[in-house]
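Consider the two complexes below, in which chain A is the common component and chain B and chain C are the respective partners.
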Partner chain A sequence: MSGILALGIQDFKRLMTNALFWVITATLVLIIVLINLALPKNISEEDYHILIYQTDHYADQAISVSSEEELRQKVKENGTIGLLGNDDGSITVLNPGLSEKTVHAIITMLYRSSNIDINIERLNESNKTIPFNKRMTPVFICFEALIIGFILGGVLLLSEKEEGTIRAMRIAPIGVDKYLISKTGLFSIIAVLYSFLMALFCIGFNFPVLSFALLSFFGAAIFSLIGLAFTTFFKDMSSWFFSMALLLSINMLPVVAYSEPSFSPLWLRVIPSYSMIFAYENILFGMGRSLIPVVFTVAGWCIGAYLVSRFVVGRYLLAEGR
Partner chain B sequence: MITVNSVYHDYEGKGYYAVSDISFSIEGGKIFGFLGPSGAGKSTVQNIMTGLIPLQRGEILYNGQSVKALKTKFFNQIGVSFEQPNVYAKLTGYENLKYFAALFSVPTHDPMKLLDRVGLRESAHKKASEYSKGMRQRLTLARALINKPKYLFLDEPTSGLDPSTAASVRELIREQRDGGAAVFLTTHNMELADSLCDTVAFLYGGKIAAMDSPEVLKLEYGKRLVTVTYDEAGNECSKSFDMSDRKALAEFLVDVNPIKIHSQEATLEEIFLRVTGKELKS
Partner chain C sequence: MKSIIMTIVREFKLIFRDGITIYLTISPAVLALIFIFIFSSVQESDIALAVDKSLPQDLVAKLESVADIEFVDNLESLKERVSGADSIAGVTMQDGTVSLLVEGNEAQGFAESRQNLVSAALGTESIQYTTETVEGQNSLAYTISMACIFLLALFIGGSSLGLSGVNERESGVIHAVSVSPMTLGSYAVSKIILSLLFGIIGVSACALIMGRVDALPQFLLLALCSVFVSGMIIFLIIGFAGNQIAAVGVLKIVMPLFLVVGISSVFISEKWLFLYYAFPMYWQYAAIDTVISSREPTFQFLMILVTGFAWFIPVMIVFTKKVKMKAWR
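What follows is the complex of A and B.
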């Protein structure tokens, strides 16, 4: 235990002298400012009219246009939905690229029996609209606080390689478990702190703290472990940086599903940040969804990442030759 | 006791051995010098012995236990000082030692006392990045000693040190030997080996060319000489005689005006040249 603590403390001291650590910390402040002051509260209040041509559907937000060409042009320009009545009585829905699921949902709503009132019920417990800027908080937590171990763990590991201290570690009685746990633990603690700061300054403190802390701790652990295993195969910062940036870009893809929830193919759902973004949304905004699937997903990723990292770091970094 | 039996190593797996048929043993309380020019294979053998390079062929035993079967705990007993100083540049000298001390599950030295012994007390709280190469070398040596190792591996421990610091490092190494440690010293500095080692092995071309105590090697391969410095028409000249040829020396002394007479024995450097046919240059 003292070995783990000693490693963690010294790694923290090394982090304090690392410029990238301060860049990430400055980014945290920037994101908080961005969410609170720069991002709009609602990005869809400008124009949400439905354009129609040759259909018998009329609603408050429906605007009739005079030709099919005009309809097509305005749908393209305004990024809205157009309903085109065809000669055979059928309807063509023109849209700027919505998923099929979304379009079907809209059509189902529009063409219900006209004598039925249509009500919209929001499923979040607090039963209020989440402003756009606040809604982006889970995204920033995932792509700033949680990946801190992925980036800085890699930086520390590469500096150990470049300084040659990794050779001294190899002949010290440390073992791969201590090495991994000390680094992962350190970055998870930092990630919890950063996530809390972001949540506190962007949303407030009205959320289940324990769930939030556990998700941040183990979520960050997953990224740290993947990062350490990944970085093991690189010799220096320059060759690592591009590959790291590429991998992080892939990890950011689930933000598409967060913006457009109906788009959630399997390949996107298997990216670890997918579950975490929605879990943060669930915790921070009280969406009322069960957290049990998230617990299993995060636990599975943690165990998998640990086993892979233990093998890779143990075999290719620490126990080379033993 | 460390036992090395018929160790071979082929880096590329193409049948070219960097080291071949290396055999020796080191008892506790002895210093074994592994001497040879750069590229002879000294560091390769040390790295195989410490587990940094996998043992391909042969046998290395620590008190009868194979290096291949060593558990993590065993590394509590090993100390290694690398030729290239490898310390955490962003930590201070003191932090570097404290950090490594915490990794061991055996009693360790007080980092500050150890820094004092290697002459770094005053720089203890400076970052290692501000140290000179010699200071980093001493810090690496101090780190190797932090766990009071039973098996100590030193790779060119006095390289780049000034004479005074080199002398104190020598004394420190002697203390480890006197404390019962088996010391494996890798160097191309024959003077260092001569002053410290109980046994030396000459490594050349990946093979041991000769191995014994420095005294025995000198007797076996070296000639004891007497050098006479004499005056010849106002100029200082000198001539050497084999000590066994006393008659020639006596006749010469009658004919000249001697200024100084010195007896001298062969150095390990000269013996290395005689054994391998090559000079011992780094």
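What follows is the complex of A and C.
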């Protein structure tokens, strides 16, 4: 335990004396200002019109045009739907490549012959629409605070390689477990503080702190462990930085599903940040969803990341020294 | 001239020593491929509804014609599914009445739009029509994503050389250069030429992946006109980072600056847009937007050169002061 603590303190001292740590602090301030002052509370929905030519449909949202050419041109320019009435009375639906079912859904709503009464039942009446700027907080927590260990871990590991500290570690009584736990523990604590400050200044204090801290700690641990395993294969900062940027860009893809929650394909759900971003939304805005699936997902990723990292760091960094 | 060529060759060897830089140069093209896949997935995605077994088969068939249906066993499972992280409405039948279950925190209008859809689908007989796809202008999200990819390709070119310069600074090579017969101009040219080469490879790969071979000459011109922007990136990184760790910190500031400033102009009111005219990053974005939408980008190219040069000079002054390199000798 004292070995792990000593390694952690040593890493912390090195971080504090480095410009990168202060850059991260400045980023935190910038994010808080951005969420509270720059991002709008509401984003207006884009006006969506149906264009028609020679059809008998005149709904509120339909705009009539004077020629087929104009219809085609406007559909092309606006990426919208155009209804073209043919001479034989049939309709051609001009669309920018929407799926067959989506086109059919639009036509069905436009040409409905009768209405069936449908009751709406809201499962959680207390749930309210979250302001857009506040809803972005989980995005910044997931893609800035949680990945801090990935970046700091990589930087420290590469500098240890450069300074020759790794060689010294190979002959010192430091096992791979101590090495991983000390670094992961330190970065996870930093990530918890980072994400907590972000949440505190953007959302307030009205959220379950323990669930939040646990999610931040283990979420950051996953990225720290993946980061350490990933960085093991690099020798210089340049290759590492841009490869990392590419990997983290892929990790950011779930933001598409977060922005458009109706779009959640399976391939997006397997990315680790998918579960976490929605779990933060759940915790910070009291959505009332069960956290049990997230616990299993995060635990699974933690164990997997630890085993992979243990193998890679033990085999290729501390044993061989790349 | 000979010293410039020798320096370029040396840089080239150093950067490509581990082989991964070749891959990194074309990595924005890989990202472009992923983005294109996502945009086409979003475009082709269907509306999703969850239904339980209480709904008669004929009604389910009607809903299946307008949405992807997920089947669950009972009302409890339906509630659990609707409460999931994604936005999906559930349809069930209680006492002969069809009900729509929503979580309550979805986007504004979500429940009403799904109610309209389910109501129309269940109450409408089949409608005859034909469809025709009209290839439209790219959406704003697509244009922004692709602009980001091209800017990243240009950025990687500059920053790779910047990081190599930081390495030189850390190991003292830059000090040796400053006392050698090599002038500041030769040193800058040797760095910038190689970064342009990377930029050209990067944007060419992106243009090919996007299927815009027709616009390849314009993208190459974009890379060439960004000569001073690449210079700014290189010498900002070397100037402000004394070692490799600090370089990552500098990159963390410089990277969003060069990628986001231009793109942020899209979200700014037109009356404030003039504030962006002084930044080459804005003209880079404007040029990419113009090329993607098949318009004439000559003015934007010229503005990249002019504004880029105006910013490049102060960056070089700061650089010479930071690394104590004389501009003239």
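Here, the second predicted complex is superposed on the first by the 238 of 322 C-alpha atoms of A that agree within 3 Å, B and C clash if a C-alpha of one lies under 4 Å from a C-alpha of the other, contacts with A are read in each partner's own complex, and residues count from 1 in each chain.
Convention: a residue touches a chain if its C-beta (ideal position, glycine included) is under 8 Å from a C-beta of that chain, and two chains touch if they have at least 3 such contacts.
Quantities reported herein were computed from a predicted structural model and do not represent experimental measurements.
Once the two structures are overlaid, the count of chain A residues touched is higher for C than for its counterpart among chain B and chain C.
In the superposed model, A:174 makes contact with chain B only, not with chain C. Of the two partner chains placed by superposition, A:41 touches none, neither chain B nor chain C. Of the two partner chains placed around the shared chain by superposition, chain C is the only one that A:72 touches, whereas chain B remains out of contact.
After overlaying the two complexes on the shared chain, residue contacts for A:163 are found with chain B alone; chain C is out of touch. Contact with neither chain B nor chain C is seen for A:315 once the two complexes are overlaid on the shared chain. Looking at the shared chain after the overlay, A:22 reaches chain C, while chain B stays out of its contact range. In the superposition on chain A, A:253 makes contact with chain C only, not with chain B.
Overlap of the chain B and chain C contact sets on chain A: residues 18, 159. Those residues of chain A that touch chain B in the shared complex are 2-3, 5-7, 10, 13-14, 17-18, 159, 163-165, 167-168, 170-175, 320-322. Across the interface of their complex, chain A is touched by residues 47-48, 50-54, 70, 72-76, 78, 80, 82, 84, 86-91, 95, 98-100, 102-105, 143 of chain B.
Contacts from chain A toward chain C in the complex involve residues 18-20, 22-24, 26-27, 45, 72, 75-79, 82, 84, 90-105, 107-109, 111-130, 151, 155, 158-159, 162, 234-239, 241-243, 245-246, 249-250, 253, 256-257, 260-265, 274-275, 278, 281-282, 285, 287-290.
Against chain A, in their complex, chain C makes its touches with residues 15, 18, 20-21, 24, 27, 30-31, 34, 38, 41-48, 65-68, 79, 82-88, 97-109, 111-112, 115-125, 127-137, 139, 156, 159-160, 163-164, 166-167, 241, 244-253, 255.
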